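Handing you a structure now.
Chains here go by letter, A, B, C and D, matching the order in which they are written, and residues are numbered from 1 within each.
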Amino acid sequence: MDDIKWLQGKGKLGIKAFFQDILNKGLIDSVLMPAKNKKGNSYAWFLMNKDGFLETSDPIPPVMTIQGANILKNMTKKGESWSKTAVVLRPCELRAVIELTKLEQINLENIILISFDCPGAYPLTHYISGDQTSFDQKFDSSLYTASFETERNACIACNQFTGQGADIQLCLLGASDDGFMISASSAKGKELLQNVDGAKADNIETQIKKRDELMGKLQKEKDEKRQTILDRFKDTIYGPENLLNVFSACINCHNCRRACPICFCSACYFESKALNSEADNQLNRASRKQGLRMPPDLLLFHVGRMNHMSISCVSCGACEDACPENIPISLMFSLVGRDTQAVFDYKPGHSLEEPIPFVVYKNEEFKESEAHYTKRHQSACNCNTK
Amino acid sequence: MSDENEFIPNIVYGLCAWCGTGGSETAAAHHLKYPENIKPFRVMCTGALDPVYILRALFEGADGFIVSGCHPGDCHYDTGNYRARRRITALKTILGTLGLDSERVWLRWVGHGEGQRLVDTAFEFNDHIKKLGPNPLKSRRDS
Amino acid sequence: MEKIYDSQMKSHDFIKALFEKKIVSGLGTLTQLPNNKGVSFSLLSDAFDIQKCMPFYPIMPANAAIAVSKLTRETSPSQPVAIMLRPCELRALIELTKLKQARLDNLILISFDCSGVFPFKDSKYPTDTMLDSYYQSIKEATINNNIRQVCSGCDHYVPVGADIAISLIGRGVHETLGFSFGTEKGKNIQEKMGLSQASEIQPANLEKLTIERQQNKDALKQNNKISNLDALLDVFDTCISCHACSYVCPICYCKNCYFESQTFQYYPENYSQRLTKKNTLRLPIDRIFFHLGRLSHMGSSCVACGMCSDVCPVDIPVSEIFKAGGESIQGVFNYQPGQNLDAPLPLVTYQEKELHEMED
Amino acid sequence: MNDIKIVAFLCNWCTYTAADLAGTSRLKYEPEVRIIRLMCSSRIDPVFILKALMDGADGVLIGGCAPGDCHYSKGNYYARRKVAVAKKIAESMGINTERIRLSWIPASEGPLFAEVVNEFTEKIKELGENPTKKEVYL
């Protein structure tokens, strides 16, 4: 098989060596991946060419600072990348990239998407305020075993943890410290992989089998876990009372939308003049409701945003990381997303070919959303009175 | 006649400019009446009716919201009503998931000539909302 | 120094009187949310349960000036509306009015001397012990341990320019309130409330508190001093460019922020040129520049309300830095934000003979 | 040290014309300066200055008409205030304020323009390269 190779190397060093190798060989011009920041207490995104490859770079960081799709969007929104760039993304970031490509915010020309089996990530605030060395150790030691434990809601409830859909996948699950598999699934990826010297390990068949087995088991476990978590969460937010209780801590800072990769509008409806109104209008609202929370339209923002983007929500959890109030907003959107996506049988970030549900239609569908007209209404005949 | 404490719902009726509004014109020409607590408004096409408008109405005082536009295949802009159907499907799903009463939103196609159907729809929805009772969200000061 | 009158009213009586004597038809203040845990700034009508008003609660969920700007940006209310706000919120409101983002007609501004607020990230729902010790420190005119850093170093904690100022420090929030009526509007209300003949009370001695706060302020300034590029990079090292600081900032009112505009969305060739020059390029590009640029846009009006630090998801001391930066800009023009509605904003005015040290 | 770059924001009516005059008079001045023409020096925004410095410019020169001579009568007074803001921010954010210079150069003063540019270039050369140019953690 040409599209699967065995790369030798120890842990993250081995993965880094792979990137250095393809840079040095000129297979790519630059690579976009996270590296430690200056103080070393967090991570940041870096675009590096072969002379600028950072020692501290880390393709699989234990924390997601900025959603990678947002970075790639900045880079390619106005046109295709000038240099051949490999981008290393978590699976959720990859899904967001695919959604944004469909939404015409990212140009994938000249971009090679690389993803990996993701163990999860720490919540951003925990990581920054905690002891990074021990966090890093704990994280790195669980790269191959999927035994990583985190408190990050989006990662706990994640069931799409492989880099499926990327041009190149680093198959870490079930690998060992002396090497890992790397597979290509697209023409771009295969072309690149051809020129990589990977040992054709004799045991590759067994490795694939080992990974598949592990994956199958894990997938089932995680699917179930996601269902239980979301169902349990649904019980805590169901109905107006509970819902408003969850959002009582919200300060209307809209940071969830800023961190969200899918919310790409530069002028958001919920921040626009459309929601301004005259003072007396707001006073009327206040007297109708015996009080009006200011700034108003808090629930409208959240539920409205669900309408605009939950269909493409990739459950990356960037919203929750950015929330100063730690509202479980990522679970909320995952829950709503699960249902809306199921209705349209749509898997966000799964494939570039699958159209976004709101841009296609069929003549006969969703009859259940229509209220069926059966008979003339009795009052409609003698309607001279009210 | 009516009881003082009777609940008179506040209903918004979104009509597309071509069929929905046409239907209400036909109803008027036939001297048909619909309940006066139903407030119609016109959009150019049901496809232009972002579900956020519906949410805004529901959070700020409406007890129910109906949308009427051209029958499938009749849209003046070809596909606007299909889009509306998908959007409202998503909206109803979201409301259902959050426990916010998706039954307060109705979608029913009404053709230009179907004045009677429009009036029937209005009455039917009015009764339906009366049964459901007042929308709890409209009086929440923290929404 | 305005005279302080003893009103014989506690805070809820006062709010009730405002409505009952038809002085106002609406009130904006902090209120308890229906879940009885959180508070929010709310606009109230007379039908509201006044027991739920908590004007002096030590949490600032949003700078009230933003709420007032939202309320009055299009038109001013046709009936009088009272707004109870903290001194920093009042200053922000006055700045916003000068920036034509709020109208003060028909608004009655009620403020009070402020003992600071808790950082809401850690103490969103403060415990009773915390609250008790906070109220105690108001009574004793001391600085509470739990309040935000930027609050403990705030020396503008006595309101200036409010129609009605309530004096709390040294008296306590559960006692009867002392009012001073600074403006024409305020004096009218004094009459309507029947307080023209009320007895005067001695103002509390705030000298010691002010000195303590100034010391804190100097210490804060010293601790957050940025002396060179390395220090600058260190401070903003964890910044994730979420721009939350600008969204909650009362002074940053622009709907479409310049730093989020097309100007700073670069063409791919720009990235490739930068990469050729530097070999390593941290993204997003304008992360630190955003903070410098934002400071240049709003620094002259920065009221140091501390919201930016409160919302920062990676705990950068934004407001401590901006407070110092803002004050240095304000110092050049001898401008005090939010103190005087008639003083023009520094960048829309000039003097012919000034700032010669800037020329070469 | 050949790599120095100075960004100059010059007002159309005075300093830009002076630069023109310096050219037509065949005066030589240091070639490190890159000129951006503004209709009036008050068009300068502190943001421009800071952006240039953060993106690796070694110095920023702002040139306009002398006080009282502004084509728009008072633009340069505003410019002075804006430059003051930029300098103060640079100061509080740990950027060397000497990299920012505001000079009034009237239209007829070609030699003065050359002199200012030479002097400023000299100064910047003394200060050395702007550290932001090579800083990867920016």
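The rule is simple: a residue touches a chain if its C-beta (ideal position, glycine included) is under 8 Å from a C-beta of that chain, and two chains touch if they have at least 3 such contacts.
None of these values were measured; they are calculated from a predicted model.
The chains in contact with chain B and with chain D alike are A, C.
Distances between chain centres, each the mean of the C-alpha atoms, put B farthest from chain C. By count of C-beta pairs in contact, A-C exceeds the other of the chain pairs A-B and A-C. Separation between the centroids of chain C and chain D, computed from CA atoms only, is 36 Å. If each chain is reduced to the centroid of its CA atoms, chain B and chain C end up 43 Å from each other. Shared interface positions of chain B, defined as residues touching 2 or more other chains, are 140-142. Shared interface positions of chain C, i.e. residues touching 2 or more other chains, are given as 33-34, 40, 42, 233, 237, 278-282.
In chain D, the positions touching at least two other chains are 136-137.
With chains as nodes and touching pairs as edges, the resulting graph is of another kind, matching none of line, ring, star or complete. Interfaces, counted as pairs of touching chains, are A-B, A-C, A-D, B-C, C-D. On the side of chain C, the complex with chain A involves touching residues 25-26, 28, 31, 33-35, 37-38, 40-49, 61-62, 64, 66-67, 70-79, 81, 120-121, 124, 233-234, 237-238, 240-244, 247-248, 255-256, 260-262, 265-269, 271-272, 275-276, 278-285, 310-315.
Those residues of chain A that touch chain B in the complex are listed here as 234, 237-240, 242-244, 247-248, 269, 285-286, 288-293, 297-300, 303-304, 306-308, 310-311, 335-336, 339-340, 343-344, 357-358, 361-366, 369-373, 375-380, 383-386. By the touch criterion given at the top, residues 30, 32, 37-39, 41-42, 44-49, 51-54, 65-66, 70-71, 74-83, 124-125, 128-129, 244-245, 248-249, 251-255, 258-259, 266-267, 271-273, 276-280, 282-283, 285-287, 290-296, 321-325 of chain A touch chain C in their complex. Residue ranges of chain D in contact with chain C, taken from their complex: 45-47, 50-51, 54-56, 67-68, 74, 77-78, 80-89, 91-95, 101-104, 116, 131-138. Residues 33-34, 40, 42 of chain C are the ones that touch chain B when the two sit in their complex.
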